[in-house]
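Each of the next two complexes has chain A plus one more chain, namely chain B in the first and chain C in the second.
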Partner chain A sequence: MSAALHTGPAVHSMWTSAASTTDRFPTPHIEYAQLSPVLIVFGVAMVGVLAEAFVPRRSRYTAQVVLAIVGLAAAFAAVVALAEKGYGTTKAHIAAMGAVAVDGPALFLQGTILLVALVAVFTFAERRLDPMAHGQHVDSFAAQGSAVPGGDQEKAAVRAGFTTTEVFPLLLFAVGGMLIFPAANDLLTLFVALEVFSLPLYILCALARRNRLMSQEAAVKYFLLGAFSSAFLLFGIALLYGYAGSVSYSGISSVIDGTAKITPALADTTGNDALLLIGIAMVTVGLLFKVGAVPFHMWTPDVYQGAPTPVTGFMAAATKVAAFGALLRLLYVVLPGMRWDWRPVMWGVAIATMIAGAVIAVTQTDVKRLLAYSSVAHAGFILAGVIATDKDGVSSVLFYLAAYSFVTLGAFAVVTLVRDAGGEATHLSRWAGLGRRSPLVAAVFAVFLLAFAGIPLTSGFAGKFAVFKAAAQGGAMPLVIVGVISSAIAAFFYIRVIVLMFFSEPKADGPSVAVPSPLTSTAIAVGVAVTLVLGLAPQYFLDLADKAGVFVR
Partner chain B sequence: MSFPLLTATAALPAVGAIATAAVPAARRVAAKYTALAFSLGTLVLAIIAMVRFDPGGARYQLTESHTWVKNFGLHYDLGVDGIAVVMVALTALLIPFVMLAGWHDADPLEGPDPNRRWRPTQGFFALILLVEAMVVLSFEATDVFLFYIFFEAMLIPMYFLIGGFGDRAHPGGEEEAARQRSYAAVKFLLYNLVGGLIMLAAIIGLYAATARQLGTGTFSLQQILDARASGQFKLGTDTERWLFLGFFFAFAVKAPLWPLHTWLPNAMGEATSPVAVLITAVVDKVGTFAMLRFCLQLFPEASKWATPVILVLALISIIYGALLAVGQRDIKRLIAYASVSHFGFIILGIFAMTSQGESGATLYMVNHGISTAALMLVAGFLITRRGSRIIADFGGVQKVAPVLAGTFMIGGLATLSLPGLAPFVSEFLVLVGTFSRYPVLGIIATLGIVLAALYVLVLYQRTMTGPVKAGIEGMADLKVREVVVVAPLIALLLFLGVYPKPVADIVNPSVKHTLSDVHKTDPKPALEAKK
Partner chain C sequence: METLIGLLVAAPLLGAGVLLTGGRRFDRTGHLLGTLFALLSFVFGMVLFVNMLGKNADDRALHSHLFTWVPVEGFQAQVGFQLDQLSMTFVLLITGVGTLIHIYSIGYMEHDERRRRFFGYLNLFLAAMLLLVLADNYLLLYAGWEGVGLASYLLIGFWQHKPSAATAAKKAFLVNRVGDMGLSIGIMLMFTTFGSFAFSNVLPRAAQAAGTQHATITGIGFMLLLAACGKSAQVPLQSWLGDAMEGPTPVSALIHAATMVTAGVYLIVRSGAIFNAAPDAQTAVVTVGAVTLLFGAIVGCAKDDIKKALAGSTMSQIGYMIMAAGLGPIGYVFAIMHLVTHGFFKAGLFLGAGSVMHGMNDEVDMRRYGGLRKFMPITFVTFGLGYLAIIGFPGLSGFFSKDKIIEAAYAKGGTEGWILGSAALLGAAITAFYMTRVMLMTFFGEKRWVPDAEGHEPHPHESPKSMTVPMIILAFGSVFAGGLFSINSSFVKWLEPVTGHSEGNSPVSTGTVTAATMVCLVIGVGIAWLMYGRRSVPAVAPRGSLVTRAARRDLLQDDFNHVVLVRGGEHLTRSLVYLDHSLVDGVVNGSAASVGGLSGRLRRLQNGYVRSYAVSMLGGTAVVVAATLLMRAV
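Presenting the complex of A and B:
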């Protein structure tokens, strides 16, 4: 994986120069400082791989956790420094030979992803929840990923106290890909970034300590469907290249506008609308798959349910941020001229996503599946903002993503706490009466649910209001109405969980709430804090999102 | 900068809620006194606000204005007119009585099972204070969005009050009680949430309209009204009607108006009596109040357009609520349907759009609050003593507990608007106001009074008179705490029944303002025999 990454940009620049009209073979000019967040994350991930090989087993866990936290924090500092220098606004430009944009949306989303990842590391590192195995604290991950579930090898690995500390470098590689994804400014970088963040996620999904078969099944499903969607994306890229003779966003956009010079070699296909429309459709399908929009949402419930819960939380939050970032850039930078073609389709997708997500969630009995369908519904709300096609649309989506991702992380972190003998007790009936057994945990989860439901004074309400406002101003009032109706449906099942927790009699053999280490407590506390701050005093963050709302072209 | 009196009136109960919740679990009595002290402090502030309010002065007084979220056009704008200041005072007045009446409602039950003992006293009183803070803010808000935030947010503490602390005297036993209670709480929440979300769509529509016409979107009532007065801002007829419907739907659910009333009997039946008072006497008033403040002021033309339908719905509420009250077997549900009937009168008064109707509706909100509180709280004492809320389980109470029976009688007579008690004045004004514009409707509405006499007197007769039934023999009369709760309410009912002028004087100028917003004058043969 790391090898692919190293050669990625180089191959790419050779490739574009070959397609260009110049004969010379230019030296790639890379703005290292502007790409520093990405470079730091990949660098630390690489060090993590080395640590996995050379650090003694005893101290590996500590080393990996410290590396990951320091690396992510440093990358976040780099993002803040870039934003401070004005790369988000006045100095926004396209770096690395046209491959990566450094602009407001990119920096805002990268910052969000890095913070989300930082909090996710805390939940990954949690070792107090599972009962001790053979005298050792264990985390949520399999002792040895390659051991057959239930086999002798697995037993031996558990007995020997193996732990899968490589989850941390895997997480970092995924984060690196996610950082590039919303910043990618040509279709090939987009594709490479997609693969770079997807592959580690497939592996992470398969690594649950409990219910390993389900976890592996989830990973296989995710992999197969993900590969399928990647193929769609790649095929779409090929068609768009055929249409425009370029893979760069500005190149395609200028052909659509009719302002581009046409490459003689591709004169036959350039400007062929069939290629363009099919190409757009396929690329968009690839992105909508990652977003989890209907009808490309089928993977979410299975994968969310099967994956280790810390991974689910990370994936649900960060993937959504990265994928919506990429979708926004594609629609706003490449395809503004095609607005009249893609808007009606996106309307349909948004409406279907909101309603299907909310309605199907009503019937769920597993808390992780419930949150999965709720994430589908939320994808629909965000799409309503995406459709606004103006600056308000961009900034409302940015704000929503930031608000949503922390609620999601927090909610899944709470899910890891509720346990019985078989590990996490995710069936909803097991949560009955939780409010009486552990009022604090139930109250925290209720805060997250209310935020999901969009009750005023939580971040969920501010975000929902922002996207609906943008949609209404963009002339999409019907979407707003569908949005509030599906919000009402969605509220029903969030409230049902609250009823279950607070007003039902506890079961005699009900699950217990594990006392977490400071790591998970911190993650949950951050989630609650962000939920309340963005709900009560969102002005600063709205301003930030507002300033960051302009794409560089 | 002057002292932010209105903020303080809302902040004090909010701080009180936190303080009460923070009292250690073992000191539950201390928590009760803390909460009571904060609610009394709020009452003092509300009275100061009422005294400082000058009925002849500016329309909105004691105003405060800050920008909260600029991007949303959300302002922290507070201000009271005569109607609002009276409603704030009513809220602040009722909360201490609600607390005193529910003094033992959240005490842990006896028994070995720890789950049965789970009744956090601190939570109960903190939630009541939280509801008070949010209700007060929604009466004071002069920013539409600010109002909406608290209008919606108050559902959550209310929901926990209904679902978490149900009536112990349930006909169906403990398990059935828990099931019914959580059903009632969910129904309450979903009805109101759906109403609120539809209003949210209308609010967003309003923002889009102001943003398009004024450059920046705003929710400030003052800014919108000024812009409309100066001709900068005008809603298209269709837009205005849609937005009006969005707002009205939410308020009609809250008020509640037939056919959106069905959550109320469930909620009031399953909640403890003090919480039922909180719902019907305090929280629901926000709905009717908001019709006056937001529907009529923001959408005057659409309000006139919708008037015929709304009047008919109000009439149906009056008659239907009263008829169902006559048929109830359950004391609390009976009072709930009586409330539906009374809310019909209030809405009738508001949309009759005459000064008597409007003044009457406002006074009605106050008087209904006090009279229902008196009746419901005494009913609560009665139900707790017998352990049942089925009418047939009672009989001959007046022989055993005469004071209880007497106060119940007065509460009942107030509910049927006996002359000399406060509700009579307001009901009379509403009927006169309606009659002067819509004689037929006025006549039909009068039927509601007849039916009210029927359900109140039959209730009294069945429970209080006749031979003493089994289970009633040893019934204790009202205790000191309970007398403290009921006596002031009855005193107020008598006082406002004989001398309503103090309240009417504060309310009337604001009613004039509201009527001028909808460009309505009283019809010619109006009965101008007003003080």
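Presenting the complex of A and C:
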């Protein structure tokens, strides 16, 4: 991918200046320092691949975990350093020859993604939950991804104590793509970033140690539907290029505003509104698929349920952050002039997403599917903030994403703890009376559920309040009303789980709560801490999001 | 020095935190730690007191601003302390008596498994009470007010395994809610009228606005009075205090006699400027005080339970204070002076009662006591000194403080002055009667002891040192405090810069009042001696007259509450429940059912086939594209 990054701008500048003379082939000019977070992550991912090849099998796990943690922490430090130097505010600009934006929203979201990924590494690395297999500690991932489930090869792999340590480089590649996604400043970079983070996720989804068939089914579904949505996105990009003669965000937006000089060679199509409108619709669809908005949400429950739970947690948190970041930039930088066209449609999508997510979740019986639908409903709430189309809209969405991602990560981490002989016990009936036997775990999960429901003193409330306030100020009162109603519906099923955990009789053969290693405990503790801090004292972080809320154009 | 004010509150708060969250590891040292924190707080108080004495009378007040609690534009709630002579008086009383009672509890609660928790609650109480009297604004005062309410609730119900204790705690909590509601409404009115919570803003502005906003200020006064009635167990919110005696005796001594129940008096004296500007509210205050001082005294006459008799007495004595506080500047100082002396002798009496119970297998019925003076001489002497102080025996504390209140009542002037003065005099006679009755039934006469429920014969014995020493110290206070305060009017001079003071002109001379009080005293003691000293006390209470029977039932207060409030409330609840079931639940369940139905139907779309998902995406895209195009067409 790093190669793609190096050549990407050059290629793209060739495209964007198609009409100019092609005899000059400009030397790409890359601001390495400002792209350092991305470069560090990709660099470490490469090293991870090499480690897979050269480090002896028994020390690979340690090497990979250390590499991933150090790499992500270094990248986060780089993000912080850039923000400190003012790249989020005064020095915000577009780097890599127009391909990548370095500005407040980009840095804020990159920081969030990196922290989420860092915590996710802890859950990925957990090896105490599953019982030992042949004297080896095992994690949530298949012994050998290529082995047929239940076949001889798999048995041999398990017996030999194989583990799929490739998950760590895969995670890093996905993170690298996610870092570029919300910062992408032209449509091609956007598309490449999308693929770069999606492909590792498809693979990760297929790697569950238990229920491997379900896991593989989920991966195939995710892949097929993801490819389908990518096709829409790419088609939309083609149409927009046809409309504007450019794939860069500023180029398209200047054509929309009518300030661009139209190149004679493209005069036939340039400014054709049909191309523009269909293009917008299709690109938006591609992004709405990634955020899991109705009616493009149908992959979420199946994939969330089938994927290994640590992957689900990472995917649910980080993908949403990256995809909403890209959607924000597209709508705020490229299409602000078109807001009267896309807003009504987005209204419809937001309303459908909030209602459908909350309503369908009511009858779910599997805790992972329940959380999947809850994530759909949350996508609707965030969309309400996106639609506000002002600075408050941006900062409220940024805050919501930061708050939501840690709650999600923590909630899925708790799910990994509740186990019976068949692995994780995700059926809700199995959770009955959990609060009686494991009050701490149940209480922590209750905190996350209350945050999902948006109860005051949790981050969920602060976030929801911020997006609804932004939406109301942006004139979207009906959206706020629908949002509040669906929050009420959603509160029902969150509270029902709490009631189930604390006020039902525990079952005699109920699941037990595994004692995790410090890794998962840390992940959960971070989740709880962020949830409570953002709920009790949100002001500092709201200010931070507010400061970061301006896109560079 | 300012920092020390914060530490004053922080020490017991830290103690409560450590003891209540520290768990079992503090089981063995918890009581000592708790006592240490109380003592520490007392030491800080003494340092501040000495420092204050070194200053001029007019600039003794200390202010310490800690932080802004709620920093919202137009609503600035501050956390800050104000330590002036009035607060200082309370600080010394609370920490001093508090420390003594902590020490006493070490012995009294020795065999209780949950002793650590008990000391944690006591520390919590001290912190909240100090917060209440040190706050420099009404909102923070309210926090302390609720804090002492919580501590009181926890401690009344400390022996929660006894249903009677649990019920009593609940009753105290509920009745106090009514008063607390008054305080919160009062504070809201203050904020809307004066735009601030701080004493330094509200009180001067209230004095200025006396002419223009008379009705509002009167309203605030009534609300503050309601609050005081709840916390200080004044008619009509007095019903909880008798039942509150279910708590351990040290609690009754500290919270339900010496300190918390006097918070109402503090509130009224602190808000003096408001009451001065609202004469109607002042009339209500004196009326409440006068009625309660008689009410409590009458109840105290009929009770056979030693603690409940003392509780009636507490109610009555606080009635005196409230009445004095309602008299305005002629009474404020004496209200506080009586409050302090009462703190000494009533705490001493309760500790004495606790000591008696300790020796008598926790028996509380005075008809089963008798002749105890030989068996517990220290308790007898300290209790006796407290007794002489409360009835106003010449030279002892109560004599000085109560006389001053009676004088001030006459000095109010007019018919009002005559009525109040006479009520106070009558109260003094009844006080002498019921206290003599308690004294005679407990320590004199023949033994009427009976074995307890498990058949143990009582073996009365003197209590351990940890219990007798605090009693002795408090007895010193009961004897000397009043005289010390009166020499050269030292207490008046001490408080005057804060509360203001005026002599008034009494229609009767001081000598006449003192003589009349003495006559009342002799009559009260005499009747009691005739009834309980000369004759033997029957082991089973005689049926008694209609008044006696009513007084035994707290003058039918509970019956009144039951008929008017409980029945009425039940009817209201029943109709609301009906409405809730038929109307609200109908709507709620209906919508829940429809959401559930919709959910089930939508769920079927999620059939697991990737092809149908793809179709839905395609359909969705078509709709989005069409809608986007349509928007332009419209």
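Definition applied: the second predicted complex is superposed on the first by the 530 of 553 C-alpha atoms of A that agree within 3 Å, B and C clash if a C-alpha of one lies under 4 Å from a C-alpha of the other, contacts with A are read in each partner's own complex, and residues count from 1 in each chain.
The rule is short, and it goes like this: a residue touches a chain if its C-beta (ideal position, glycine included) is under 8 Å from a C-beta of that chain, and two chains touch if they have at least 3 such contacts.
Since the model is a prediction, treat every value here as computed from it, not as a measurement.
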Can A:D273 be said to touch chain B (first), chain C (second), both, or neither?
second
Chain B versus chain C as contact partner of A:F492, first or second or both or neither
both
Could you tell me if A:W340 is touching chain B, chain C, both of them or neither one (first, second, both, neither)?
second
Scan A:F465 for contacts with chain B and chain C and give back first, second, both or neither.
first
Thinking of the overlay built on chain A, is A:A281 touched by chain B (first), by chain C (second), by both, or by neither?
second
Under the contact definition given at the top, report the residues of chain A touching chain B in one complex and chain C in the other.
492
Inside the complex, what are the residues of chain B that reach chain A?
68-72, 115, 118, 120, 148-150, 152-153, 155-156, 159-160, 163-164, 178, 181-182, 185-186, 189-190, 193-194, 197-198, 200-201, 204-205, 207-208, 211-212, 217
Could you list, by residue number, the parts of chain C that touch chain A in their complex?
592, 595-596, 598-600, 602-603, 605-606, 608, 610, 612-614, 616-617, 619-621, 623-625, 627-629, 631-632
Spell out the part of chain A that touches chain B in their complex, as residue ranges.
433, 436, 439, 450, 455-457, 461-462, 465-466, 468-469, 472-473, 477, 480-481, 483-485, 487-488, 491-492, 495-496, 499, 502-506, 538-539, 542-543, 546
Any idea which chain A residues touch chain C in the complex?
220-221, 224-225, 228-229, 232, 273-274, 277-278, 280-282, 284-285, 289, 294-296, 298-299, 301-302, 340-342, 344-345, 348-349, 356, 359-364, 489, 492
